[in-house]
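You will see chain A twice below: alongside chain B first, and alongside chain C after that.
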Partner chain A sequence: MTQPLVVFDNVVKHFGSFQAVECMNLEIYKGEFVAIMGSSGCGKTTTLRMLAGLEKPSKGEIRLNGERINDLYSWERETPLVWQNLALFPFLNVIENVEFGLKMRGMAKAERRKKALLWLERLGLEEFAERDISQLSGGQKQRVALARSLVTEPPILLLDEPLSALDANLSVRMQSVLTGLQKDLGITFVYVTHSQSEAFAMADRVVIMSRGRVEQIGSPQEVFREPHNRFVAEFVGGKNILVGTVTALGDASLVRVSSEHGEFQARLPDGKTVVPGDRVTVCLSAEHVDLSVQASRPNRLACTVVGEEFIGSMVNIHLEAKDGLELQVQKMHADYDQLGIRSGQQLFAEWDAESALILRGE
Partner chain B sequence: MASRKKGDPPRIDAGMSVVQPLVPARGDRKSFRLPWYGLSFSMPILVWQLVFFVFPLAFLVAISFWVVRNYRMVPTFEWLNWSYMLSRGFFWDAYLHTLAMAAGATVLVSLVAFPCAYTIAFKFRESLKQLMVLLLITPFFTSYLVRTYSWQVFLSDNGILNAALDQLGLGPLPMLNSTFGTYVGYFTLCLPLVVLLQLFSLMYIDRSLIEAAHNLGCGRVRTVFQVVVPSARIGIVVAALFCFILTFGDFVSPLYLGGGQPPTLSTLITDTTKSGQQWPRAAVIATMMIVTLLITAFASIGFAYRRRA
Partner chain C sequence: MNEHRLINLLLRGYVVLVFIFIFTPIAGSFVFSFNVDRFPSLPLGGFSLRWYEAIAADPAVWEAFRNSLVVGLVVSLVSTLLGFTAAYTDFRYHFFGKSIYMALALLPPTIPVVIMGLAMLAFLSRVGLSGDLHSVVISHIVMCAPFAMAVIRMRLAQMDPNIEAAAWNLGASQWKAMRYVILPFAAPSVFAALLVTMAVSFDEFAVAWFVSGLNETVPVRILNTLQGQVSPTINAIGTIVFITTMTLVVVAQLLLMRRQKPMDA
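Let's look at the complex of A and B:
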């Protein structure tokens, strides 16, 4: 296996008594698009800022190309960052902003102007070269910030929620600009966001953080299909969580679980073993739950329909079991229409044993 | 279409579209209205400015065209005082001296103030910053004249500083009644204000701009010149402008700490009024000073707000 580009080796960061990042271990490879996500205050921005050299780790080691960079100042490393507010210099025009990094590296004026123009062209900004920053739209500013960071041809680009200020349509268009750039350049992108949809749409791997800890690292598919714990399951959304006790081991990876809501079968993830009596957390994806008026499968709960919401092509149906447990079910519009569901209706929520996943962690 | 007379009612065509009269209706004219609400707040200050600033200023300029006969001023319109003053070597000597002293003070005070304002803005924690702002205001509690007099106690030949130097076997150094003395006065007058004005512009610089500069390969010292100074340009220029205005017109420091020689323009004004009631000639000097300050102010504000380098 090739040497990773970036290594976080037991990195800890605290501000006074506040533990911002607890024992971070992460390897990022060349050409990867890694998204670090979590809710605000989870330590994702601090992680990125440590990599950019804007914060110093309290403990542990950060390596870039195998070399320890803990003690290098930000201006001594090649880790350009795109700020959430973009941090474009308002006293410089567009091309001067883009040239800034080259100027700092002592490149001659004619050469750096040529190079900056090339990047402006690449991002479709050549006609704005002499404009003031204040005369640009949000999306144009975004592209100037990208050009300014990429003009020095760094091995890695760090992005701190760069799309959060844009409207939804523009944000989606910028996502494809970003992924396109990343593929073309073949460099590593480390992207911090609180938006699950941005992370899942763009990243090869996502890192989910909560309260300074890494909760799970994996491809978007892995994280969505097999969340490691309750936090990740709730963070990625569209999951129902049931807590119960293992009563019997079945064939292969299926076990019987007894919960206060009833008994059902659930699947163990690879490598996890349980014995009867263990407490387990079971995750049931909203799209894997079926609804029927007549009970037809062994894994089911009797529920009442309490509400529904339309999200694009899907419908989220909210159910309540008789002991107050809330379930959500996701259906395509056609299926939903066929069911003819109305609020207050009694029906069964059913699922296949394979769809109920026992989580590795709590 | 048939011709129509003014004031004809609009006619309705077969197609039911309304044909507008060629002349707009009278009611359209009421778009001009005085903004009484805004005026009610701004009137008092406008009247004040008119009575106590614009009129005296116009009067000052008018006086510069009067003449003095038998120690009495006679209202007239003659270029006599202007041609007299502007052809005197001593006037231009004083003018250039005052300009050089004020410009020197502006540069020196700004240079001394900047590291101080920078340290307070970027290195001090919030509570200490507030304390510093308070401390920078305290010099204004005492009259500038009193502070100038107290400097005499320190600077005179047998004053505190020379006594201390004497203990070390040095001196005495002639500090009072010298250019050095004048500059001590100018610093007393301007330094706290310049630090404050610079501080306010530095405090509100977006920190991410500084981090972005570091991140793009710009070291600490270089960032000060590449990012901090351009970002705080308006504050730095306005602070310098205040320093120039205050020192250019200052009468106290050049006289009580600088010894009055060579004379600055304000000294020249008092001398001119004392000798033979020459108020019109003094008015010429004053008008020249005001014009100089106006040009400087316009140029600096233009420079401060210029869109780019």
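Let's look at the complex of A and C:
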């Protein structure tokens, strides 16, 4: 295994009595696209700022290329950050903004102009070189900020919700610009966002944080298919959560679970063991639940349709079981039309035993 | 809509009256400075530059202008430097008792000038620094630095605090960030502060009168002339002082209003 580019080794950060990050352990490798996500106040930005040298860890060690960087000032490390509000220099024009990092490193004027121009070309900004920052559109400013950070050819680029100010279309376009750049350059991107869609679309690995703690680290697929705990399941969305007690162990990884909503089978994730009597939390993806008028499978709940919402090509159907448990089911439009569902209708929500996953961390 | 027009008209009239009220004495002084007669009376006697010639021939007036210029230059440089550092401290740092610090820093202009003058005289003579031109310089710095701070602080308040951190993050040490980011951003307000403080110092009479001893500044010279005689040369000096001060303040205002142009850093 190669040496990780960045290591967070039991890093703690508190501001006064507020624990912003508690015990962060994370390894980031060369050429990886890592997204750190969570809702606001979860410590994701603090984590990024510690890496950028803008906050000092209270405890623990951050290493870059194997060297402790805790005590290095921001200007002593090669960890450029793309700011959420971009923080471009308003009194400098586009090319002067891009040159800034080179100028601070003492590069001669002619040389840094040339380099900055190359980056402007690369990002399709060469015609704006002499423009004022205030004359640019949001997307153009974004690319200036990228060029400004990349011009010094750093081994890593930090991004703090850079797309949050853009409209949805532009944001998707910038996502492909970012992933393209990251692949071409082969450098590490650490991307902080509260948007699950951004993180899942771009990242090789995602780090999900809540209240200063890392809840799960893994590829988007892993996190989506096998959330470790209830927080992650709810955060990635489209999940139904059922709580119950293990009544019997079955063949392979299937166990019987008894809940107040009824009895059903659920699957254990690899490496987790339970004994009868254990409390477990079961996660059921909305897209794995089928609806039928006639009960046909053993794992089912009798429900009433309470509402639908249309999201792009999908429909989210909201159900309520007899005891008030809310379930959501996701279907393609075509399937939804075939079912001919209407509000208030009684039907069965059914699923395969394999689809009901017992959460590892609960 | 007619009512609105009437109110509009009345308000405009009111504004014009206020300006007349403020500027009539100054305009009078201006007009009579070019009047040939010894005593200000209407109708005007005729155009003349004799009062300007009289002050040009008076070495005490030259001395006073020289003193005011020296004091104004030193005061504007030092108080702008002090004002900038105080404003930057406010922008950059959060610390216990900051509001008290800011209140103290802004206090001097609120102290009645006579009290200020007396206090300055008492203090400076106690430490053996009174009665000289540098006494005026020290006192004026105390009075002008808050103005410089207020002007520069307004500008820094418009600055995104992330910009400085962005500069650090791009490899600028704190000094370089100051040199290449904070100062260029604050530049218009720094120039404005230089001019405003110079204008305040140039105008200031009471404190200078207390501490200057034999080194008269222009306003002190005016009073001393007035005490001896009622001479139209006062009008001439007053006109020059007014034009100088107004020029400084107007240029400062223009600097602050000017749209930030990109500059070659």
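FYI, the second predicted complex is superposed on the first by the 362 of 362 C-alpha atoms of A that agree within 3 Å, B and C clash if a C-alpha of one lies under 4 Å from a C-alpha of the other, contacts with A are read in each partner's own complex, and residues count from 1 in each chain.
Rule of thumb we're sticking to: contacts are C-beta pairs under 8 Å (C-beta built on N, C-alpha and C of every residue); 3 or more make two chains touch, one makes a residue touch a chain.
Just so it is clear, the model here is predicted, and its values are computed rather than measured.
With chain A as the common reference, the superposed partners chain B and chain C clash.
In the superposed model, A:265 lies in contact with neither chain B nor chain C. By the touch criterion defined above, A:299 reaches neither chain B nor chain C. When the shared chain is aligned, no partner comes close enough to touch A:229: not chain B, not chain C. In the superposition on chain A, A:87 contacts both chain B and chain C. Where the contact sets of chain A with chain B and with chain C meet, they give residues 52-54, 73-75, 79-81, 83, 85, 87-93, 100-101, 104-105, 132, 148-149, 152. By the touch criterion given at the top, residues 206, 208-209, 211-219, 222, 226-227, 230-231, 233, 307-309 of chain B touch chain A in their complex. On the chain A side of its complex with chain C, the touching residues are 52-54, 73-75, 79-81, 83, 85, 87-93, 96, 100-101, 103-105, 132, 148-149, 152.
Of all residues in chain C, those touching chain A in their complex are 160, 162-163, 165-173, 176, 180-181, 184-185, 260, 262-265.
Residue ranges on chain A touching chain B, taken from their complex, read 52-54, 73-75, 79-81, 83, 85, 87-93, 100-101, 104-105, 132, 148-149, 152.
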